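Below is the structure I would like to discuss, written out as structure tokens.
As written, the chains take the letters A, B, C and D, and residue 1 is the first residue of each chain.
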Amino acid sequence: MNYTPTEMMTVAAARAIRNDDVCFVGIGMPSAACNLARLTHAPDVTLIYESGTIGTKPDVLPLSIGDGELCDTAVTTVAVPEMFRYWLQGGRISVGFLGAAQLDKFGNLNTTVVGGDYHHPKVRLPGGGGAPEIATSCGEIFIVMKQSKRGFVENIDFMTSLGHGKTGKEREALGVKTKGPSRLTTDLCIMETDPDTREFVVTSIHPGVTREQIRDNTGWAVRFAEQVVETPAPNEIELGALRALNERTARAHAGQ
Amino acid sequence: MNYTPTEMMTVAAARAIRNDDVCFVGIGMPSAACNLARLTHAPDVTLIYESGTIGTKPDVLPLSIGDGELCDTAVTTVAVPEMFRYWLQGGRISVGFLGAAQLDKFGNLNTTVVGGDYHHPKVRLPGGGGAPEIATSCGEIFIVMKQSKRGFVENIDFMTSLGHGKTGKEREALGVKTKGPSRLTTDLCIMETDPDTREFVVTSIHPGVTREQIRDNTGWAVRFAEQVVETPAPNEIELGALRALNERTARAHAGQ
Amino acid sequence: MTKFVSLKDAIAENVFDGDVIALEGFTHLIPYAAGHEIIRQQKKDLTLIRMTPDLIYDQLIGMGCVKKMIFSWGGNPGVGSLRRFRDAYENGWPRPLEIEEHSHAAMANAYEAGAAGLPCAIFRGYLGAGLAEVNPNIRSIECPFTGEKLAAVPSIRPDVTVIHAQKANRNGDVLIEGIVGVQKEAVLAAKRAIVTVEEIVDNFDDVHPNACVLPSWTLKAVVQVRGGAHPSYAKGYYDRDNAFYKAWDPIASERESFQSWMQDNVLNVGPDAFASRVAFTNAEQ
Amino acid sequence: MTKFVSLKDAIAENVFDGDVIALEGFTHLIPYAAGHEIIRQQKKDLTLIRMTPDLIYDQLIGMGCVKKMIFSWGGNPGVGSLRRFRDAYENGWPRPLEIEEHSHAAMANAYEAGAAGLPCAIFRGYLGAGLAEVNPNIRSIECPFTGEKLAAVPSIRPDVTVIHAQKANRNGDVLIEGIVGVQKEAVLAAKRAIVTVEEIVDNFDDVHPNACVLPSWTLKAVVQVRGGAHPSYAKGYYDRDNAFYKAWDPIASERESFQSWMQDNVLNVGPDAFASRVAFTNAEQ
């Protein structure tokens, strides 16, 4: 079956989600991956959106973090202060998903400013939103992001949310007990966090992608694991479920 | 019309409640007085019970602070942490009602221990419950209590909740911005707080009660205001409403 | 994930000697049936937490299960004292009882902070109050913006929280409605949570989107016990048995009458006895 | 007590130049109609607070009403940047804009603390985060029991909070349901609160006892504005106009197209225009 790099990325991200996970889901790619997991191998996964919707099972993907569909299909919907206090800070989330404008090899993320300094940026981005606390309160962090030299940089311009810090050791130094970024899924490969150095290491390459392509789209010196496997291509069930989800979503949003 | 001292006390306490007050209501006498006010001159008064019921309009008096009737007739019912954070500490309550086992002339109250010391009391009472924060968070405090030498003492055994402190000046010293006890209604008289010394001063004596009786039932040297009036006897409307309320209550509770 | 189990198993698998345990309920929905099962299983050295310990704590204390009680108002609402609590605290019978005493505001904030995963709660409280001088767990912090001194208490993090609720659905999610007290906070603050419910329904499709619902994955055990809150009440199911609260005072006033009552009404019976103690208000019950 | 007034009077009597103002709504129930009235009344030097400033803040900023914005995520959800916000912040047009930036957790806690009457909020946050280094309003306290360092931010206490809700009853009590965001906290934290609603009903007898209801005495003004959240949505009334959110990007990208749109759609019309912008999902509407 043919599939696009985005479909490969979504399927690869979805596969990492376990049936008993409680996921703090962001809009876009994480939302697609989490719902695909729910519609395939992880039917009991709990999806939580920061708008307050807990245990939601949307039939179509939401366009915003607070679409009505999320509330209509949730086990319950709580106020936003409760969401951040009882559910996120309370340590009830096993996996948080994050993306960013810039990412470094330690999984530190920037969604705040690009160029210049914080007070005089070249480009002012929307900001961190929930990211600073998602990064430290969830059991572990999965990052999903299209790979490019512009986004995968040696040094991020602003530390919106902590990955493993500038040296890979900052979490311990700050007394942060959660794992932090453990997995990065891109349109080219899967990287996992080296347990010692805390750098991302390529462990799985998507079918048809070369090491050269990965190097060309990464702003740091990419490390490959000793054993690199080929990511299994999306199977029929996965692709079928993803495409049906996307079709339902497109139909629903066109109807609005 | 004939009436009992308890009826006089309830009616006198009710009269002090204004139509635009938001009252934090305790069980027993305060609850009777507040609901009598609501059923007579203050139809729009907002009654809040610490069980979380806001704007409740019970048809019969509750026996406990969390009777179903309170929730059934409330504008809304909130969780107890919210009650203490947003509604009491948030400064939204104009009048709090308190009673106690012991009271001194500065309106300091004891509902914790009598005799001995805190760790080895002669009698262990139920404790303060909401009183410590009701005493300082409400706009002002009305106390309703049957008068007796045992209860109206020179020195309370334990400072469960702050009135005007041991010298009358403690609220300012602690930076407490609310008025504190401003009115004490008993079965014999009404006392109000002297704006200078912060001691209770008798300002109104119930019909047929003598100054001697008041002195005999007070453990401190009672002060009388220069102008002491006679409390108007309960009128027909007040007595009628109170008795009907008590009858409905007795009937409802007997039926359980 | 939630397990639908028997009350006996729920208590045996989740409550251990020496545990810190909260059986919460603010007048409404007090988990009496679960408390009785703890007594039948003779759990020992418990530290009991509750804002408003009432008869069920009086019973646990009188039966010797309790080492310490953390509370803010310990009485028989509208009636008077807790006789067994006083006998334990004042006379050491059947064993000495330690106490840690707070205000309602402190306890409510401490549960909230526990649910929020924080080590402490801050609030504007205990100003001029005597408890602040006798309880070393009442401290303070200074606001880093205004310099105001605010009270601080440790968060409450029970080993086990036990509550009673109206309904569970087949998935094990639990609905609490009406006077919800601090039950949600007490459950989320605890390491393990047990819920007894009046009814198990297929789904919560007819429930308000912002109702107080505890998802099944926040609970260890869900048990149906009809009438399980008696003499407290369950809104929509049965009313508070005020007569029983009044009757308790003479029962508890003497050690012998207390023990005899416990033998007949707790030790010799099981959770099924509760359904017959209440008058269900709902025709369908 | 609540007054049922016109939107014009509600804004004129409660929003003043230089005010600190929160128009809250978390994707759902954003008070667009009220924001447009503020623009029509040419309020100046406002400090705007919101967790997720979206198009309505872009519009207020682009029309020169705003001196400062306090926020945690400032974008067009699912689309991209706020063009007018960026033009003001990066280029000073139509006037320079100050910002104070926090995380969602910080803002949510700060609203909560504001509603609770506290001077500050504490939480476990900003660990290793860059904002803590550039925002002097991010400080810390030490837990007096564990020694843990916790983040502290000032509570949010707006002069005015404006929200949109589903319903008011005749008494002026307001019901919010679905995604309730921080609206209750924002109202209770404010000195004055204005609510626009879709509908005024006789009573709330059919409402869940624990629904999010703001009693009338917590509000200064209640105004019926049908469709008043468009292009945001009101659960039970109409859906989110995602097409409009996408269409806004080219409109806002140039100063001229922005001004022309504002002239036609805000300055030249009144709140009644909103009802025709939405497709009510409820047959009875």
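Throughout what follows, a contact is a pair of C-beta atoms (placed from the backbone, for glycine too) under 8 Å apart; a residue touches a chain by one contact, two chains touch by 3 or more.
Nothing here was measured: the structure is a model prediction, and the numbers come from that model.
Q: So which chains count as neighbours of both chain B and chain C?
A: Chains touching both chain B and chain C: D.
Q: Is the number of contacting C-beta pairs greater for B-D or for A-D?
A: Output for the comparison: A-D.
Q: Using mean CA coordinates as chain centres, what's the chain C-chain D distance in Å?
A: Spacing between the chain centres: roughly 39 Å.
Q: What's the distance between the Cα centroids of chain A and chain D, rounded to whole Å?
A: 28
Q: What whole-number Å value describes the gap between the mean CA coordinates of chain A and chain B?
A: One centre to the other, that is 57 Å.
Q: Residues of chain B that contact two or more other chains, please.
A: Residues 71-72, 77, 85, 89 of chain B touch two or more partner chains.
Q: For chain C, what residues touch not just one other chain but two or more?
A: 112, 116-118, 123-124, 148, 178, 180, 184-185, 209-212, 235, in rising order.
Q: For each chain, which other chains does it touch, given as pairs?
A: Every pair of chains in contact is listed here: A-C, A-D, B-C, B-D, C-D.
Q: Contact residues on chain C for chain A in the complex?
A: Touch list, chain C to chain A: 1, 112, 115-118, 173, 184-185, 188, 204, 209-213, 215, 217-218.
Q: If you look only at chain D, which of its residues touch chain C in the complex?
A: 116-120, 122-124, 137, 139-146, 148, 150, 152, 154, 177-178, 180, 207-212, 235
Q: Taking the touch rule as given, give the residues of chain A at its contact with chain C in the complex, in rising order.
A: Those in contact with chain C are residues 20, 22, 44, 46, 54-55, 71-72, 74-78, 85-86, 89-92.
Q: Within the complex, which stretch of chain C touches chain B?
A: 26-28, 51-52, 71-75, 77-78, 81-82, 85-86, 89-90, 101, 103-105, 108-109, 111-112, 123-131, 134, 148, 178-182, 184-185, 212, 233, 235, 239-243, 245
Q: Where on chain A is chain D touching in the complex?
A: On the chain A side, the touching residues are 27-28, 50-53, 63-68, 70-72, 77, 79-81, 83-85, 88-89, 112, 118-119, 121, 123-133, 135-137, 158-162, 165, 170-171, 174-176, 253, 256.
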